[in-house]
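Structures are listed in the sections that come next.
Look for chain A in each of the two complexes below; its partner is chain B in the first and chain C in the second.
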Partner chain A sequence: MIKIDNLSVAFDGPEVVKNVSFTIGDGEILGVVGESGSGKSVTALTLMGLVAESAHVTSGEIYYDDQLLLKAGQPRNNALYRQYQGLKMSMVFQEPMTSLNPTMKVGAQVEEVLLLHDKQDPKAPTQSKSKAPAGNLAKSAKSESAEAKAKAEAKADAEKKQRPAKEASKNALLAWHERRVQEKEDRKRRVLEALLNVGLKDAQRVYDSYPHQLSGGMRQRVMIAMAVILHPGLIVADEPTTALDVTVQNQIIDLLRKINHEQKNSLLFITHDLNLARRLCDRILVMQDGCIVEEGATEDIFCDPRGDYTKKLISAVPGRTGKKKTSNSSTTPLVEVHDLNVYYRENANSLFGKTVKKCIVKDANFEVYEGEILGLVGESGCGKTTLSKAMLGLNKMIDGRIVHHSNSPQMVFQDPYSSLNPTKTVGWLLQEPLRAQGILDPSKAMTEKDRVAAAYDMLHKVGLKDKYYARRPSQLSGGQRQRISIGQALITRPGLVIADEPVSALDVTIQAQILDLIRSLQEELKTAFLFISHDINVIYQVSDRIMVMKDGKILEIGETEEVFRNPQDAYTKELLR
Partner chain B sequence: MKYLVKKIVTLIMTLFLVSVLAFLAFQIIPGDVVTSILGTEATPEREEALRKELGLDKPPVVRYVRWAGNVLRGDFGESYRYSKNMNQMMPVAELIGDKLPVTLLLAALSMILIAVIAIPLGVFWARSKNKAFDVLMNMGTQTAMAVPSFFLGVLVTYLFGIVLKWFAPGGYVSYRDNFWGCVRYMIFPAISVAIPKIAMTARFLRNSMLMESGSDYVRTAYSKGASERRVAYFHVLRNAMMPVVTFLGMIVAEIVAGSIVVEQVFSLPGIGKLLISSISTRDFPVVEILILYITFVVIVVYFLVDVLYRIIDPRISNK
Partner chain C sequence: MKKVAGWFKKQNKYFLVGLAMTGLAVVLGILSFFWTPYGPTTMSAAERFNAPSFRHVFGTDNFGRDIFSRVMQGIGTTVIVSSLIVVISAGAGILIGAITGYFGGILDEAIMRVTDAVNAFPSILLALVVISILGSGKQNVIFSLGIVFTPSYVRIVRSEFIRLRDADFVCRARLMGVKKLRILFVHILPNIFSVFWVSVTIGFNNAILAESGMSYLGIGVQPPDASLGKMLSDAQGYLGRAPWYALAPGLTIVWIVLGFSLLSEGIRRKEASKK
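Take a look at the complex of A and B:
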């Protein structure tokens, strides 16, 4: 149905998509897999005619049902594309939080698709409607409205003959108005129907909501409703679940599969997550540096990968097997947490409003043992970060007790791009915790020479060469920066390091390297880690024990293998699905 | 409702603080109203008598409390300098009431000009892909913002008054005598007030729109098959207006408080002119009320901006 032939795209420089050719068959789910910068999004945006104007198509053609959409060297035909966008092909984006217009009600935004495509074809306004074989409800609504329309017209016509011209024109106007109202109601009914179809049970409320009143998962459902309301032949989904929590992610995947099954449209599914692609897609393309490096049926790719890159990619994906056995058996508590409640102040900046204390972490009781990696898993907003801040002493509004049996814990943050001071060199950054320690506790003060030596030593420990010592963060890759963050946390030899989503901003292959690094450093230095992640597979790979958290409560805590083999809580089971 | 009460309490507190500060300022700045009225040649007895008459012999706290009590009862006092007739001074309320409509009319006309010209211009500029037009607008707006307003007033007078003869410079018609004649005359000072603000607003709106155009929801709108025109007016404009509304609020507050220079150039009897002359003659009752008026206007306009913000951006009222 879709044929992309030898496509290359460049943004004022080297080509980011190189000689890409593929086809998408009717009703097929095609996965495009690759790491960031592999050109998968640019390919999709080019196909949709949405790529920025600074992008040049340097070679190739794109066909939709034998209709030429785009050809290298010719300017993009925006008018032609507009007839396809929304009607024959539509797109679901990665960021549900920002992809909806914040100042428009959700219903109106979905309705806009109908408005745009009814308007474009004024002679046959029902054409697009007739394409929709949706539910019976929508159908009866349509026939009803058609009847009403016919009646109104007949009425106006009849009256036109009898009464004076003035009266007749007034009636025609009334009838026209009635028709408009009817059409509007009809559209609204179709939108509600579409919202129901994507699993938004409270469709009427969603229809009248603004995007900020909905959760991420609901917004993504709205985006999908928008994409499927006209039953386009092709849906392009660009990382539609990346910004969502695991359980929501599962629901969205199920929904996409259901829609594909019911409407028989093709789906181009773009993701960096091989597990997701494996679960959903019929066929998979693997992209690297703008080229397609492997193509084949999903099971063939996973069971028998041919390319080196594909092999590397598949082995980097954290799975639930092949875990290295850790040797830790200590049960001496390093940190004890007793009956901990952590609060947050709401409305703290307002002059008159009452400040409300909100309990984020409820009744936490656990211990971190010496030299172990304790994995903490949970969805966004469940209190993982709040808990870790309380353990670091960054949040003082707590009840209960936190007892530390070692020196002050250190932290590794999620975003390696913004958590390092961009104006300092790597050497300076690595020395900084030592300097701070020296100021706080003069007995631990070190000489400049010792600090430099310690920094070089740590640089080697985190797997970087001497030449990086004088570089600045902007000259490093994401993985290298995260190595520096880890080095910073470890250089004062703390008993405990809290790592808050340290790998979630990194590509799979880099992620695997950083996880290896954390494991080997933990073996070598016997440092305990509290490893926080939303990804249960990552947690499985690194942790000795795991702790599952939801809505501020710790649901389950135990040996990793034990929890995976025999989860006690329903929520843990859902996570493990 | 709670929100409204909060805003009103803030307004009252601010007015009180400002009135105290203005009062204090008048105690501190050099110059004496008595000397200013009688001149340096007056006898000490005569000065003493006038001081007593004006109530200036009392301690400052007593004077402030008495003045504030009167204001609360709606009595704004009398001007020290302007007389109504031979044996009575001009009440401040009457004095300001006479000049306020001039300033308000000027402000209204300027704001209409700004809104009607700057917003379409900004949108057009943001959507234009013509490089030459962009350069032209860049230069034009920069020039308009840089020219001092008195010079702009002179230019407008020269062009429309002397070359085109569309109005008679200096021939201000009172709104009491001929309202439309007054409006006709006022258009030209309004143009002088508006030109730099139009340049700023158009520029601001254009930048805001270009920034919004990069948003994800814009891409979503295109993916539905919306035309560039629809995306610009239907999606981007409303979101891009938010910072512009704040900016327009600042402009309204500035203009309603009196465009001092422009009022001078076009010899309009507005409050800007009154403020200058009252300060230089130490006409305390007039200045104090004018300062309160300006404070009031600024706060009320900001309140309106806040309300408008809530209408444009549904996210705010929910926070």
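Take a look at the complex of A and C:
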């Protein structure tokens, strides 16, 4: 149905998509996988005709049902594209927070798709419901089909000749008004239907809501409703589940599969998550640096990958097999948490408003043992980070007891771009914990020379070369920054390091490297880790014991293998699905 | 020689042009302390209102004084006065803004309301009030304008500190046990440079204009000392007869303000490209 032939796209400079050719069959789900910067999104945007003006198509052609959409060297035919965008192909974006207009009600936004395309769409489902040709003006006005409209106009014209012109125009005006009302009601009905179809049960409420009143998953459903309301032949979904929680992600995948099944439209599914692609797609393209490196049926790719890159990518995906045996057997508690409640003060926005104290973490009881990696898994907003901040002493509004049996714990954050001071060099950053320690406790003060030596030592430990010592964070990649963050946390040899989603912002292959690094450093230095993640597979790969959290409560805690083989709680089962 | 050429090649045009313009002005200003073509206060009844010529580059004024010499002296006074104003107000701004922004609370509220009150008055008017209490003169102009300009720096520094006080890297510094003052001035302060630098630039230009304005009103630099603003004010009676009298100090102010703006834009771009 879609044929892309030898497509290359360049922004000012080198090509970001190189000689890409592929086809999408009718009703097929094609997955495009690759790391960030591999040209997945640019390919999709070029296909949709949405790529920025600064991008140049340097070679290739795009066909939709044998209709040439785009050819290298010719300017994009925007008029032609407008007939296709939304009507025959539509797109679902990654970020549900920004892809809906925050100032418009959701219903009106979905309706806009109908307003723009309905007249050009003779196959719209409304037509099938149109009534038989009407006998008089008022009746015919109620029918929605273009045919009936034409007849009514013809009749109005005929009547015009017989009756006084004034009455005719009055009738026509009334009829026009009635028709508009009817069309409007009809559109609303169709929008509500579409919202119901994507699993939004309370469609009427959603219709009248603003985007900020809906959750991320609901917004993504609205986006999907917008994309499928006109039954386009092709839906392009660019990382539609990346910004969502795991359980919501499962639902959206199910929904996409259901729509594909019911409407028989093709789906181009772009993702960096190989597990998702495996579950949803019929066929998969693997992209690297703008080239397609492998193409084939999903199971063939996963069971028998041919390219080196594909092999690397698949082995990097955290799975639930091939885990290193854990050697930790210590049960000496390093941190004890007893009956911990953590609160969060919601500040009053008005002058006389009361500040409200919200309980985020409820009755937490657990211990972190010496030299173990304790995995903490849960959805966003479940209180993982709040709990970790309380353990670090950054949040003082707590009930209960936290007993530390070692020196102050350190932290590694999720975002490698904001957790290093951008104005300092790597060497300075690595030395700073030692300096601070020296100032606090003069007995531990080190000379400049010792500090530099320790910093170089740590730089090697986290797998970076000497030349990075004088660089600034902006000159490092995300993975390298995360290495420095880990080094900075470990350089004072703390008993416990809390790692809050340390690999969530990284590509799969980098993610695997960082996980390896954490494991090997943990074995070498015997530091205990509290490893927080939303990704159950990552947690499986790295941790000795697992703690599952939901809505501020710890549901389950136990040995990794134990929890995976025999989950006790219904929520854990859902997570493990 | 090659090194110098290489250095020039690396700089951006904003920086180079700005440096040349401000450099020329500053050199003339410093030179005026040691040498001027004519005495800035030497009068000559025979040479009143001479148009610009090779003898008097910018012409002469109503007392037959050489305008070029007086502009040189004026630059010296103006640049020194406005630099001091910026140093006082920016310094106080960093100190107050950093502390209120980072710690917040009652102190923050109180200080912000004071700055609101100061901001509510037109700056020149407020400076006039301070001067009417302290009496006129160079030091008092510096002091009063320094106070008047402080709130704008406080606001900018404070908002930047509020933005950064919960940043991940500050959070981690706290966990490492870094002392508060060190967090404030070693960890956070360098990060606000680009924003702060822009406000210093604008502040410096405002200070030049405010000082000129004060002198124009006759409460800044006292005669017979020359200041660019004072010269403008003296010249307004002779606009038709000797337009060069007003043009010389006026264009000089434009020259300095423009040069400094370009210079700071160049520095800002250099910093931005480093990151």
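Please note the rule applied: the second predicted complex is superposed on the first by the 525 of 577 C-alpha atoms of A that agree within 3 Å, B and C clash if a C-alpha of one lies under 4 Å from a C-alpha of the other, contacts with A are read in each partner's own complex, and residues count from 1 in each chain.
Rule of thumb we're sticking to: a contact is a pair of C-beta atoms (placed from the backbone, for glycine too) under 8 Å apart; a residue touches a chain by one contact, two chains touch by 3 or more.
As the structure is a computational prediction, the values presented were derived from the model and not from experiment.
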Combined model on chain A where chain B meets chain C, clash or fit: fit
Touching partner for A:Q83 - first (chain B), second (chain C), both, neither: first
First (chain B), second (chain C), both or neither touched by A:I439: second
Touched partner set for A:S418, first chain B, second chain C, both or neither: second
Partner chain in contact with A:Q410 - chain B first, chain C second, else both or neither: second
Partner chain in contact with A:L100 - chain B first, chain C second, else both or neither: first
Shortest CA-CA distance in Å separating chain B from chain C in the superposed model: 7
Chain C-contacting residues of chain A that also contact chain B: none
Interfacial residue positions of chain C with respect to chain A in the complex: 167-169, 171-179, 182, 187, 190-191, 193, 274-275
Residues of chain B that touch chain A when the two form their complex: 6, 9, 215-217, 219-228, 230, 235, 238-239, 312-315, 318
For the chain A and chain B complex, residues of the former touching the latter: 48, 50, 78, 81-87, 90-91, 93, 95, 98-104, 112-113, 116-117, 120, 210, 212-213, 223, 226, 352
Of all residues in chain A, those that touch chain C in their complex: 392, 394, 408-411, 413, 415, 418-424, 432-433, 436-437, 439-440, 472, 474, 485, 488-489, 492
